[in-house]
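In what follows, chain A forms one complex with chain B and a second complex with chain C.
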Partner chain A sequence: MIGVTDAAPRPAPADPAPPPAWWRRIDGSKLATTVPIYAAIALIWIFFQSQTAGRFIGARNLSEMAQEYSYKPLLAIGVVFVLLLGEIDLSVGYLTLLCATTVAVLSAFAHQPAPIAIAGGIFVCTVLGLAQGFLISALRMPAFVVTLGGFLIFEGLAYHILSGATINVPDPAIAAIGTSYLPTLLSLAFAILAIAGMAFLGLLGRRQRTAAGLQNAPITGFAARTGAIGALLLIVVTLLDSYRGVPLSLAVLLAFGLVTWYVAAKTPFGRHVYAVGGNVEAARRAGINTVGVRWVVFGITGFFAGVAGVMLVGYAQAASTTAAGPDLLLDVISIAVIGGVSLTGGRGNVWSVLLGGLLIASLDSGLNLMSVDSNYVYVIKGVILLLAILLDVLGKRRGAGAARV
Partner chain B sequence: MIVTSPMFRRCVAAAATLGIAATPLALNAADNPTVGFLMADYTTSARWQFDRDFFIAELKKLDPGVNVVVDDAKTDQTRQQTQAASLLTSGAKVLLDVPVDSTQAAAIVRAAHDNSPAVPVIAYDRLINNSDVDAYVTFDPVAVGRQQAQYIVDHLKTGTLISIAGAETDNNAIEFHRGAMEVLEPLVKSGRYKLPYDHYTPNWDSNAAQAETASELNNLGNKIDGILVANDGMAGGVVAALRAQHLDGKVLVTGQDATVAGLQNVLTGEQSMTVYKPIRKLAEAAARMTDAYLKGQKPKTDTTMKNGKIDVPTVLLPVVTVTKANIKSTVVADGFVTKEQLCNGIPASACSGL
Partner chain C sequence: MVDSSTTSVPRLVVLDIKKSFGAVTVLRGVNFEARAGEVTALLGDNGAGKSTLIKCIAGTHIPDGGTISLDGVEQHFRTPSDATTAGIETIYQDLALCDNLDVVANLFLGRERRGSFAALDEISMEKTAKAALDQLHIIIPSVRSTVAQLSGGQRQSIAVAKAVLWAPKLVILDEPTAALGVAQQKQVLDLIKRLREAGLAVVVITHNIVDVMEVADVAIVMRLGRRVAKLRVADVSPEDIVAAITGAREFAEAASA
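Here is the complex of A and B:
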């Protein structure tokens, strides 16, 4: 009954009290993407911790979780670049399998030393990624179709090489990638170095802003954030050290995460990726080599598929047809989307993707530890993915509304 | 002669539909009968090449003039149906079918029986459900599980077991599991064994098997004495999880299929046993059945299997437990794997007995 409001106008609501200054400085859109992930991870951890007699947040389980699942977020940060362009790469699952197969063949059949087997696998995948990128960027074929073709071709090649069988990879140097640990002192040193680096870079950025005449956020917020992340890092490292140390695969993931975060956020190339993904025409008119950017991005994804394949072989000490495929592709895209990467391009960051990876890995690991039937794992992952997309859609709608004002 | 060109068969089929009977295949049909072998997935598993070669060799011995056409459905049941139709059109006398989809394959049986004259269909390795399929030849799936469990019973007095079964969508996985539980369940009830974990694994996924084993080792404080694993692929994942706890070789691990990777783990002592299915025996039994049909007789079968519609006359072939002790006299002697394949990449000491 719309007319009623006209007949009996309600008193105008009192102006809400202006929010305090600290509240206004918080970036609402950033909160909308990261807070739900932190909250979901916290809830999941509390739930599993209570259901597994405290074994879930045990050093052993966290350590195994890192070894079992690090390759997924690693592949996801490779896929983030493609998603930032507003494109998709359907081939990454089988490309990872093809790399794993290449490494296995080079190591077990051709008896090549580990560095050559590893480099060979990564090289093959990078070249195949670049080849797909060429078709997509230079020949302007749709990425969906090109990578669907890649999906089928890589599946066929990997299955042909494996012939339905498993190849054992006994080389201890390759197994070490998936199963060894950093020495405890070294990991502690790395953690302290990382915290110092973070503080240094932050302070440097602030000085540059001041020099450029820009305003800085108050130093207290920066110090609190650095302190919190640093404390968390030290707790995790100490916890993992109480078992066998920080798993090498986790260190590899974090190292690649750091490098890609830097490339995406701090380099001209990274800004070009965001620009092309946001509006390709605007980017082209701004003088960005859009063809080159798109080409390189698919090469990067291929490279990451290669590294993920190496980690997979290291963990399983074998390559088999069930090791990677469509399930991996779906997990990786879920990780990216849960991490707040927009499938329409231009929005997302590496750090949130690592959180998305942590969330998916926590689910897999916790449900395993609870001995839950694997069929339910799919359902639960699906529900969480839908929730993540819902947040994405809501966030965008609010953003669009704000832009119109 | 193996006619493998699909183009050629399509031409033959097209010609036959048009009523042009004077194709070479149709002409020879009377004295040189054609037998069609429909494979489900020829490329992703190395074993089917053995099935093909052993089958053709044995059938040629029994019927020297026979003409065997082998088709690969590449995991597409609809493609297999088309291939069956082509074979029927070109005058095949007997069809052998490894169905991709055990239920949808009933359409092939119907088409073969509606053909004039009706063509008998032998289900090879996998049963065709809800159909009047004429015969079935397979390894005894229940015996596979029984032998895996029996190995544990023979080598472990008492202790904690976990079970990592195959994909629940695969009827064979359910049969393997049934056979194993026939042996183990009474002993779990009597308290000889504890079985705190018993789950199916989607897609027979070796990574999942590895993660599950790691979690259960954690849950049970590494106190696991035997792991009933349905096949070698998953056993590889289980062994990798045991290695991480330095328990490899100290826990009984079963397997199946006698794959190269599985046999290597048996040789290094990390996997205790695998179940070998002598494919030559399966292929030869199928060839004898085919020969009977070609001669207008009913093949000899030893039992029947229910497929949801009828009791299918069935030949069940025994399976063989392979351990380090008999690798040489079984899989290597049969030419199923070579010594070179097995010794490639494992320590020479593990290989010395071969």
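Here is the complex of A and C:
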């Protein structure tokens, strides 16, 4: 690395004629990857709006999209963690199906109450994720091969249990997870609380930095960011409230997003995940338990496969062989990569699943509304995945392998 | 604090270290010492056993025989972290930093400070990082730059600062100026001089005779698993050192030390 630097010295911001401050604050690689994504979402929305006689953009379709597809970004949260390590988990699609199947069996056949069926499904997936993680971290088997084995094993198990049939889950408590809405006032209160919390903690942090004699980033950037996120949150909540309310599944996604963002960006464990993904040798020499970090991360991925499986059963009120599989795997990898998570590790953040999830859900929903043949859907999604990876590669080539957390 | 007189006990004393890998004997009973407030250069051709010796001192290899003492206390390192705990920090080229993390995160990697709610105490870490870099006169655009955005010399400086932050007794640098431009080499050499001024014992493994003449007080030369010379750099010419490395001339080992 140092050799490369020597051959072609990087233009450090301390060069004789530094660019203006506002320009330096804009991260070229970040801009290069996010602007095309926003543009793509806008284009997709305009296209579907025109093709579906105005049914696409609106409270109802947005609400249905959130309800039907939020399991994908939830699963993508787990995948973000393995991608941050620079690893891959190919088994998540069928692991999600196996969770859905477990929940269905526990609820419909064993007549267990909803909390036990749900906990059982998530527990099974977490244990299976940890088992794969053990092979990968402690026994040093390649993740690609281990999770490919998991892919086949979980497929076989789920298909065997389902034996080609669909298991219906009549428990209304489970159905509520996928189909209910937050009360209007509660969702509005949550949104306002979130915005106030964001502003308060942000200002508190700035005060502490000032007290410690450290520089703060300009207040305008902070205010603009807080204002933009707050406005977006309020618009989305108000829009959804004008239909039936904020779907519970969307609230679950946001809650898990918040928790995992905190873990990834604010805790030593999260820092160690980025370190292992950035330079495993440096992480090891710094005394980080790299085996433990990798092991736990595959457990996290298993946990989120479980959560996604629960959401899937909650929405469909059934488990069937077509519910999840390789398509889901590709969708969640697309979601992560579209959101700016690098496949080579160490770059990206948890919130990226919202952006990527929105794009994939928009495609799913729009193509569904247009009744497009599913074979074309595969082609379109494949092309989008390749474009997203191209952006990742180009973004990295522009320099600055920044860990955006 | 700085005591470079030749009569005091050296901070690091390595006596009669032996190490074999299977049938290959790499170290045939090597002595080595490094004093506080001095830069000791470890020289030798490829295969002389420099890296193996350093890895024994850093706890990566466990020697087959001999003793390692730090400040007069005998040490038995089983792992690299044993050596770190005892106060020995080793900076390997390229292996020290995570490019994707910022300077503060790298300096505190594996030893992060925690605040409330299990969160990282970024403010306290950033403050300490700034103070540490100022003390070593390391100039970078921002402690929040990712390491990928820094030049080679800046990275090497950060790697050194990372080691020094933990107040070690002994710092070992493996080829610190290899693959750096001229200006950046000077940056790193100046930093090494400041480590000496701070009273640390510094060991530098290098192939670069110019570096040795510039920063080292003592040069210890190895050849084929043995120590063949210990020279006071002020008393010898670059040609003498090259002659010791290649074996063109024999030196009375202890005489010039």
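Definition applied: the second predicted complex is superposed on the first by the 375 of 405 C-alpha atoms of A that agree within 3 Å, B and C clash if a C-alpha of one lies under 4 Å from a C-alpha of the other, contacts with A are read in each partner's own complex, and residues count from 1 in each chain.
The working rule: a residue touches a chain if its C-beta (ideal position, glycine included) is under 8 Å from a C-beta of that chain, and two chains touch if they have at least 3 such contacts.
Keep in mind it's a predicted model, so treat the numbers as computed, not measured.
Undergrad: Tell me the contact category for A:P172 with respect to chain B and chain C: first, second, both or neither.
TA: It touches nothing on chain B or chain C.
Undergrad: Quick check on the superposed pair: does A:E64 touch chain B, chain C, both, or neither? Answer first, second, both or neither.
TA: first
Undergrad: Counting only touches as set out at the top, which of chain B and chain C does A:A275 meet: first, second, both, neither?
TA: A:A275 contacts chain C only, not chain B.
Undergrad: Just to be sure I read the superposition right, which of the two partners does A:P113 touch: chain B = first, chain C = second, or both, or neither?
TA: After superposition on chain A, A:P113 lies in contact with neither partner.
Undergrad: After lining up the shared chain so the two structures overlap, which partner does A:G197 touch, if you call chain B first and chain C second: first, second, both or neither?
TA: neither
Undergrad: For A:P218 in the superposed arrangement: first (chain B), second (chain C), both or neither?
TA: In the superposition, A:P218 touches no partner, neither chain B nor chain C.
Undergrad: On the A-aligned overlay, A:P326 touches which partner chain: chain B = first, chain C = second, or both, or neither?
TA: neither
Undergrad: If you stack the two complexes on chain A, which partner ends up touching A:R347: first (chain B), second (chain C), both, or neither?
TA: Touch status of A:R347: second partner only.
Undergrad: Please output the residues of chain A touching chain C within their complex, sorted ascending.
TA: The contact residues of chain A facing chain C are 1-3, 5-6, 9-10, 12-14, 205, 208-209, 212-214, 262, 266-268, 271-272, 274-275, 277-279, 281-283, 285-288, 345-347, 399-403.
Undergrad: Using the touch definition up top, name the residues of chain C that touch chain A in the complex.
TA: 80-81, 84, 92-102, 105, 109-112, 114, 118-120, 123-124, 126-127, 130, 139-142, 145-146, 148-152, 154-156, 178-181, 184
Undergrad: Help me check something: in the complex, which residues belonging to chain A touch chain B?
TA: For chain A paired with chain B, touching residues are 52, 55, 58, 60-61, 64, 67-68, 108-109, 111, 159-160, 162-170, 175, 179, 312, 315-318, 320-323, 327, 364-365, 368-369, 371, 373-375.
Undergrad: Going by the contact rule at the top, pick out the chain B residues touching chain A in the complex.
TA: 41, 43-47, 196-197, 199-208, 210-212, 214-216, 218-219, 232-233, 236-237, 240, 243-244, 259-262, 264-265, 344-346
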